[in-house]
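Quick notes on the structure that follows.
Chain naming follows the written order as A, B, C and D, and within any one chain the residues start at number 1.
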Amino acid sequence: MSLDLSAVIADITATMASMEDRGQVATYIPELATIDPAQFGIAIATADGRMLTGGDADTGFSIQSVSKVFALTLALGKVGDQLWDRVGREPSGNAFNSITQLEHEQGIPRNPFINAGAIVVADVNLGGHEPRVAIGEMLRFVRYLAGDDSIAINEAVAASETATGFRNMALANYMRAFDNVRHPAELVLGSYIHQCAIEMSCRQLALAGRYLMLDGRHPGGGRVISPRRARRINALMLTCGHYDASGDFAFRVGIPGKSGVGGGILAIVPGRAAIAVWSPGLNASGNSCLGTLALEELARRTGWSVFSPPEDRG
Amino acid sequence: MSLDLSAVIADITATMASMEDRGQVATYIPELATIDPAQFGIAIATADGRMLTGGDADTGFSIQSVSKVFALTLALGKVGDQLWDRVGREPSGNAFNSITQLEHEQGIPRNPFINAGAIVVADVNLGGHEPRVAIGEMLRFVRYLAGDDSIAINEAVAASETATGFRNMALANYMRAFDNVRHPAELVLGSYIHQCAIEMSCRQLALAGRYLMLDGRHPGGGRVISPRRARRINALMLTCGHYDASGDFAFRVGIPGKSGVGGGILAIVPGRAAIAVWSPGLNASGNSCLGTLALEELARRTGWSVFSPPEDRG
Amino acid sequence: MSLDLSAVIADITATMASMEDRGQVATYIPELATIDPAQFGIAIATADGRMLTGGDADTGFSIQSVSKVFALTLALGKVGDQLWDRVGREPSGNAFNSITQLEHEQGIPRNPFINAGAIVVADVNLGGHEPRVAIGEMLRFVRYLAGDDSIAINEAVAASETATGFRNMALANYMRAFDNVRHPAELVLGSYIHQCAIEMSCRQLALAGRYLMLDGRHPGGGRVISPRRARRINALMLTCGHYDASGDFAFRVGIPGKSGVGGGILAIVPGRAAIAVWSPGLNASGNSCLGTLALEELARRTGWSVFSPPEDRG
Amino acid sequence: MSLDLSAVIADITATMASMEDRGQVATYIPELATIDPAQFGIAIATADGRMLTGGDADTGFSIQSVSKVFALTLALGKVGDQLWDRVGREPSGNAFNSITQLEHEQGIPRNPFINAGAIVVADVNLGGHEPRVAIGEMLRFVRYLAGDDSIAINEAVAASETATGFRNMALANYMRAFDNVRHPAELVLGSYIHQCAIEMSCRQLALAGRYLMLDGRHPGGGRVISPRRARRINALMLTCGHYDASGDFAFRVGIPGKSGVGGGILAIVPGRAAIAVWSPGLNASGNSCLGTLALEELARRTGWSVFSPPEDRG
């Protein structure tokens, strides 16, 4: 491979350091509002086993909605394709926390990556247990994916979100009226909020995402999910991973990705790389401002688009 | 390549011949309502220059909305990225002929593959000329892409649609109120309807789509569009190519595709193949019932998903 | 007055007894689902102090949303026209429990008679106290209006609704996200649900509504509210009192009215009569089927429309 | 009657002359954009046959949507209650020219006073004839109601609207797709636009509205429509006469009224008065700014609310 990925990462990190418009840090979760926006990290785990990093790649951040990818993987392992009776697979065309679509579609969320859909997934993962059991399982799963037992939940973030999560409480109760949430809303949200409060660095997140570039295989051996499911999760990330800017991300970047309001994005180049970027400032659609730019530049420099001939890719 | 694509095509063609549920032929264009639903064709143009076909691959059909791909390519050549000031790039979450989104978003259609967006594209392509000039240009462009000068417009279909296209007339007038359609609605729709009434066989359609698997190059030499634009058109096909079932198509099939109510679908495997399938019966979302199934089976048999490692593909 | 109101009531009561289609009893509040639909009552309190009744006029029923009229009156007494900063005055065009309008309008409900609006009113009436204080105040107010201290809350109905009120919990939390509900959702709904569970007979309800026919005066002396507010409450009942069938009720019956899913309707003929009807079976819009028919017939027989010359009224 | 209506009118006219905020003159019809906003007129035709005027009561203006009242009356005379199969009777909750509701409700407009509904009424009144026949009939009808053969159509306004009526063209074509408009859109709109371009003074408009205060009787003898229909038209004016500010008008003014973007409002006090006010500046909802204020003040001074006891009215 003639592509010098280290140089590309260094260039991008330098470019991002010089950017003035870094977006706005999310304020609706008070604990996140205090994060310094002048941070940027990137980590790339390649299919041939390398790890390349730039910037604040070892600083932990709240993965927030990126956790929806791991939660979905877990839920598919539990209930299989029956999950799709309770959650759709279509882009929503609305903001991440919209409730109107639920009313038109009888409590069935459009996809598992908007809040409503992720709450249904959390309800599935709860499976009759107490929240701490489900939270423990999720944490063990993410540690296993990343091969790193130091990953933990930031309890201050979880507490912060609990206090202000009125919209999520509305979504959960609304779906409970349609019997599409089956545990008490407080329990489901307790579990959901802790899942979102998992803290990871770019390095850890890229490592955790490797199974999605490897058609479902764990790099350490064994299989996390079937190839078909890995491809489908990648498809969902591409069509639904950036809320109502998913189409634009696919258009500009061209690889599956899932963003979170903590400023992290996990992006997958099948067969090539699992990428994590992080910068806390968000754009108008709620996706990391510099993170999106960095991925667009990375895709441009490497040719890593799922929409180009593989031969043209780095 | 160990994959025996001929055998795969033969199998799929045989399977489709045995299917009982073939969906419903579109009835809102009277001329299309008379088509025999017991037809199925498939044609694959590979990157290494082969052409493989099955079933009714040489029967002409109305390409309808598949033409939106070619019209978009043409419009990008005329006005470049300025086009995106007038059309969005997001999945719509609504039916192909919905008007409500236009009201919320001030006359800017969500993407160029829903009717409203394609009408804006047709307005761009009209460019101050009479409809017959724009229609002639479009026809020459498609013939050039396919390398086949016998491609023609079915005037009976065009006339049939003119008489009943009240919803499209509503969309065009509505956007004209926002100055996002700039020619008289009758002229824009005259051009749009003729573009939709282009008749092609699967063989011709697969040939015409080759530039999208070749990163924008014409297989006969030269460049139709830049690699970046080719990738972006593929991205739009994946996120928006099947109306409000686009997410499901990406999930199940995993390759960019654009469907039309004539029952045709053009699908692109970057670097590998341009595929055309056709069967007139439509499913509830207005996409070819057997065409979708055939592509899903083809993707499964060949591993042709943009979401899998390229090494795993046939 | 040559109109023999007793005879009219007797006729209507007889007609209603013979009706076969009585609609469906509300099932979403389990305790209400058990009510015998073969009941009908009517009571008319006239401006000259008479009380005329027919059918099951002394049977108690759950007033449910009719309570929104009394709660609004109370809240206007507390905070005056500042209430209108938090609740609109327009018909909603949506079902009584719709949440979509709230999203478009930043947590401000369209009017105080849809659930979302009534929850804001309950939040105002809570006023920093515990729910039992607000509930006690409401009960005392209704007893004072009706001049009947035997009016009470049906605790079984309240408990029944508490267990299933997921949509109301969603509405309350959703508005709390916009700071338009200011107490914890459980407390607001605890108060709201008890207010809805007040049990009254037609006789009691007609008596309680007299102040609205008397331009705000209590028939026993003194003033409940100003004439201007009484007229405005009547206006809101006319434009918004029957959810998304309010226009039809105004069209067919022509007098202000407020319905509840318990099957009761309070209707006001300014200067003439306060009318209560009750029959538990609901029509498709959630309003009492026989109650609506009875009021339409009563208006026809008496000429009691606010849209006719007063001289033409009985 | 101790009320000195002349003095009230003089006071209101003087107050209005001193108002600084007069709203914005409608600009989307170019011919209307040139009107001097510093004009105000009022005319009251009383049930006892008097005519009282103030300000520019004899200046002609474009009645625009006020014509929907007369068109509805005419259509009910032609097809009776079958009209209600094609038009609803509910407030729309949307702007006057909204198209989204039509999509949700299969081409059936919410009520006859939003543009979509008025276009259906115009389609009914066209009745297979050429627009000039329907326009002639409408003009004769309005002249008969007002007892004034000098009323005419302002052809410059009609021509002005024809050129820019893209939204109405969208509405008409959209409903034609549902077969709820049955003549070609150009013909229906040709008729509709001429009806809107009728020019009347306040004096003429108040005279034309007398049948609605007289329970359907023509003051010169005979019956324009049945009492039931007159009441129902008044009900529709109250619930739907001011677009998405209808609830607010009912709340603040308390009498049925219908506004037009020319700045005119016709208001009806059953049994008492037919009132016309005019001032060209519009508020945010598209209703006459001073006209609304004048009616609110008039209602306050006279007690003319349909929601008060008749005895309390002047």
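By definition in this document, contacts are C-beta pairs under 8 Å (C-beta built on N, C-alpha and C of every residue); 3 or more make two chains touch, one makes a residue touch a chain.
Small disclaimer: the values here were computed from a predicted structure and weren't measured.
**Student:** On a C-alpha centroid basis, what's the spacing between chain A and chain D, in Å?
**Tutor:** That gives a centre separation of 55 Å.
**Student:** Centre to centre, by mean C-alpha position, how many angstrom separate chain A and chain C?
**Tutor:** Chain centroid spacing, chain A to chain C, equals 48 Å.
**Student:** Among the residues of chain A, which ones contact at least 2 other chains?
**Tutor:** Within chain A, no residue touches at least two other chains.
**Student:** Among line, ring, star, complete and other, which one matches the pattern of chain touches?
**Tutor:** Shape = ring; chains linked end to end, path closes on itself.
**Student:** What chain-chain pairs meet the touch criterion?
**Tutor:** Result for touching pairs of chains: A-B, A-C, B-D, C-D.
**Student:** For the complex, give me every residue of chain B touching chain A.
**Tutor:** 47, 88-94, 101, 110-111, 213-215, 227, 230-232, 234-236, 238-240, 244-248, 250-252, 254, 256, 270-272, 305-313
**Student:** In their complex, what parts of chain C are in touch with chain A?
**Tutor:** Checking each residue of chain C against chain A gives 98-100, 102-104, 166-167, 169-174, 176-177, 185.
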